[in-house]
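Note that subunit A is present in both complexes that follow, paired respectively with subunit B and with subunit C.
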Partner chain A sequence: MNRLFWFPVIVLFFFTAGVLAALFFRLSPAEIIAALGSEETLFALRLSLITSVVSTLLSLILGVPTGYMLARTQFPGKTILDTFLDIPLVITPLIAGVGLLFLFGQGMLGEPLGQWGIHILFTPWGAFLAQTFVACPIVMRSSQAAFERTGPRYEWAAATLGFRPWKVFFRISLPLARQGILAGTILGWTRAMGEFGATLMVAGAIRFKTETLPTAIYLNISSGELGTALSCAWVLMATGFFLLLSLRLIRQAPRPEMFPSR
Partner chain B sequence: MADIILQDVRNRIIKGISMEIRDGELLVLVGPSGAGKTTLLNVIAGLFPYEGRIAVDGQCVNGYPPCNRPIGYLFQDLLLFPHMSVAKNIHTGLERLVLKKHERDERIDQMMALFHLTSLADRLPDQLSGGEKQRVALARALIAFPKILLLDEPFSSLDFRTSRYLRLQLKRIQSQLRLTMLAVTHNLEEARDLGDRIGVLTEGRLEQIGSVREIILEGGPFEGGFLEKANMIPCTWKESLGNGLVRVQWAGGHLFVPEDGGEAFERVAIHPRHVYISPYSPPGPRVNRFQGRITEIRHVGGMACVDVEVGDQEIYAQMTTEQAEALSLSFGDPVYGILKLRELHGC
Partner chain C sequence: MAAELPLFHRLLLVSTTLLALTIGGPGEALSADLLLFAGAGLRQPTDQLIEAFEKQAGHVVRVTYGGSGQLMSSILASGQGDLFMPGALFYIEKLETMGRIHSFQKVAAHTAVVGVNKSKADLIRSFDDLARSGVRLALGDPKAMALGRTAQTILSRSSLREQILKNVVVYGATVKQLALYVAQGDADAAIIGRADAFQFKDRIRMIPIPEKYFQPETIAVAVLTDSKNRAEASRFCDFMASPESIAVFEHFGFLALTKAVQRTDP
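Moving on, here comes the complex of A and B:
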């Protein structure tokens, strides 16, 4: 390997390290630790965890069966539907937020939901919806790729042994695709934790009400309270780092040989 | 066990097949790649759509999903579930039956003992050898005693010894339990070892069907299609050498043939792919050699079929087109040949 290839590696490393160091050394460790224990940081952490976990679970419930369906069936207009479902991945979160704002606002779904006592906009529900909107396609795509990789033949074998379709799905298809689904879940969760643009539009930035970690960073930077902003940033980065690390470990884990040679 | 009747079964690949697999028999369909062998099995199992009628034990199963057909299936790539141990894989074969737990465990233990798998119960499929995987797949397919078992190229990718051993074991179990089976293969020898009857499938059509003797040994129905160029060499019995070989005389000289059952025979069968030819005299012992002249070379789907005149006989050899080009074979050339001893069968 040519040594010149190390040059961009070193540049990238110092670029990332420089950004992290700038964040870390801005305040003294004592100030960071004090801010970490502040009520606002803990509220933001708790809200972020709750909304991101619930939105990731909903993404699993919606994304895994959709991924399975797209991996296994052919129907007219599949390419268009396939592309359509990717739209949340390519539009900016801000636009997604505006769309959600209109959809759940007055004049559309806001009124009927309000009659049932359900208020989405500018509540934690808004954050949950925004996070689901961005996490769902990630879970769906990972699941679809995992189901496509295993192919339908194991399911045929199970069917000829007498397994009914639901049992085939839960006993054979899901376990065989589990690594891909798990990887998608972690990526979706990371994305939901860091979601900001759409959340800002739908849930607003209200202290101690819709204040997720990214919202807390935004609010505290705006008001010059660097301690809370940086401690929230550090919590977010640490969570993201450990989630991505676990993703790497999952991908490196030995998986059963799918189509072994005899 | 039961019989199975196909009436004018057709789809995109299968061109109207009608046949009966009788109660307790093992019918083997032979045919080249692309003949529709696997498609036909998938159709019978209910995995692929079709027109026509399929009846098992007198009951029409059209419209039944695979899980409701009383049909077991041994796939060519076995499809052992990679996330389950050997015992759990075999356990999945009991899905159709309503049994108490101790009855299930008992049945699994019996099958594992029958297929010599007891010591492998906790292993995952990718920790097994090819032959062991094959036995697990067979145990899984047979544990619920399906009315009919479909086998897709069951032993084709195993080594010769394992394949032969498993063939004999399967045949023994099939005869003992009087199981009804339909196997497909491109291997004529496998068909001969396994089949009570043999059918010939080409381009989605059932060309011939008959007893093993009618199809392979008597040579009569070798008209057209896949089996057209199988070598059936007339010979004269000379002597048994007492070491598992017999010596016979044919147009090319002496020939040593494995002694199979000890009966005298008048013909020797060998598949063209086990006949090796070259323009140069090959090194090594001069056993089962011949010399002849090329009378025809045909190229079919990446394979070269070469006819060689040996005395008043014709011998057919088969190789890839690349091999034929590398050897620069052409019409009228003198060639040397070897008949692979292990693949010769007296009949």
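Moving on, here comes the complex of A and C:
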């Protein structure tokens, strides 16, 4: 039985490996090295890393407490709110982008924000916002599931031992839900790194200003420059792979002893 | 179970026969299945004309819309498809140098205008007003978009290139994106296709671009060398270049080639 299960594993592996190999063998090593060192690729990599890290952090700040609230509290309309917060996952990125464009455009928030000197549209902030919009629900959903799995029993116990609520959250709930939150962070981060449709609408496709890696890929595919596009794709995939791998390794590291026994 | 086998066999036989009939051999197909790569900006007239062509000729035309450069990449990468109709002749010429174009016919002209948000109509009354300070201009990416290239040519020929470029607040990757920015008022103006401005005519005012700066892009439809249905594909080209088809293009804000050429003559 278990041996049979290797079959889909092998199919899946060769499916992914086949796509990667097909992308790889299109380019000569010289082309890859030239495109990797190009200013455009490096700029896009830097912008993608900065925006995706910051948007993942914001997603954690917003998503983890929201997930905790949804896991621990009951209130009227909870099911509706719960479902509502998932909507960014189901609307296509392009429509999310148009929605963000309308919201932060001249008709609505654009003018008041502009008076305070905050410009979202056509700036890297637009990319950050679009990425946060798609990453948040992922982080929130994984955190909620993680908090639900651990249950409130340890929290009650800690509270009876005199822990204040915030201490219960940071010392008990959060460490217990660590794995699930980390998994959500990984997924949210990769989603933010790869976000394109919404970013294109909100930030535009301004070379050397709002050009994230996916935007660079799109612009170069559009101009028929497959070499640069594929190299950017390789940078995106390699970066993603190493980020995922390092986070997985952290996850597998032995858990800190939560209740040190003396 | 055993009693069902003959039925299963019969079904298999019927389906293989059907499959063989639909696939057919080369040359003996009665109705061809053509694959067209068309510029996204040409969608409105193209959809309408394909329907008419399918009725008239009995062939099926499947169409993929996208940015012209992106379509060119797909053609080069896939080695498939019968027809290519980009937003500018440039892309056909580029494929032609690679030996990927069998033949092509010119259809209509894609003219550029300055699309201005109606609330800014007082600020921007002419092309030169694009250089006024405070104007927020949207342009297409010069490499990724046919009209992005056109816009750069227009700016280079005008004497105001540097001042106008200073006013660019965003570059877009598709022309409809630029039209949306102007229609929403997030940009005051953009250099877009006449047909795109036409689509938002209740929100966007069209300002002509001086003829000396500007050469209308020619829309042409080409038969690809990859095509296995060259005769049918050529027939589609003839159909698209017919006066009736050109009238459909004009209906959506494009210009007939003859008129466009007259307009640019000095």
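The criterion applied here is as follows: the second predicted complex is superposed on the first by the 226 of 262 C-alpha atoms of A that agree within 3 Å, B and C clash if a C-alpha of one lies under 4 Å from a C-alpha of the other, contacts with A are read in each partner's own complex, and residues count from 1 in each chain.
As a working rule, a residue touches a chain if its C-beta (ideal position, glycine included) is under 8 Å from a C-beta of that chain, and two chains touch if they have at least 3 such contacts.
Since this is a predicted model, take the numbers as computed values, not measurements.
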Have a look at where A:P8 lands relative to subunit B and subunit C in the superposition and call it first, second, both or neither. neither
Determine, under the contact definition given at the top, whether A:S223 touches first (subunit B), second (subunit C), both, or neither. second
Check whether A:G37 is in contact with subunit B, with subunit C, with both or with neither, and answer first, second, both or neither. neither
Who does A:M201 touch here: subunit B (first), subunit C (second), both, or neither? second
Using the superposition on chain A described above, determine whether A:P112 touches subunit B (first), subunit C (second), both, or neither. neither
Figure out whether A:L121 sits in contact with subunit B (first) or subunit C (second), or with both, or with neither. second
After superposition on chain A, the subunit A residues reached by both subunit B and subunit C are none
Using the touch definition up top, name the residues of subunit C that touch subunit A in the complex. 67, 69-70, 72-73, 76-77, 94, 138, 141, 143-145, 169-173, 177, 180-181, 184-186
Contact residues on subunit A for subunit B in the complex? 153-154, 156-165, 167, 171-172, 175-176, 256-262
So in the complex, which bits of subunit A are touching subunit C? 98, 101-102, 105-107, 110, 121-122, 200-201, 204-207, 215, 218-226, 229
Subunit B residues touching subunit A - in the complex, by the definition given at the top: 42, 45-47, 65-67, 69, 71-73, 75, 77-79, 81-83, 92-93, 95-96, 124-126, 130, 133-134, 140-141, 144, 157-158
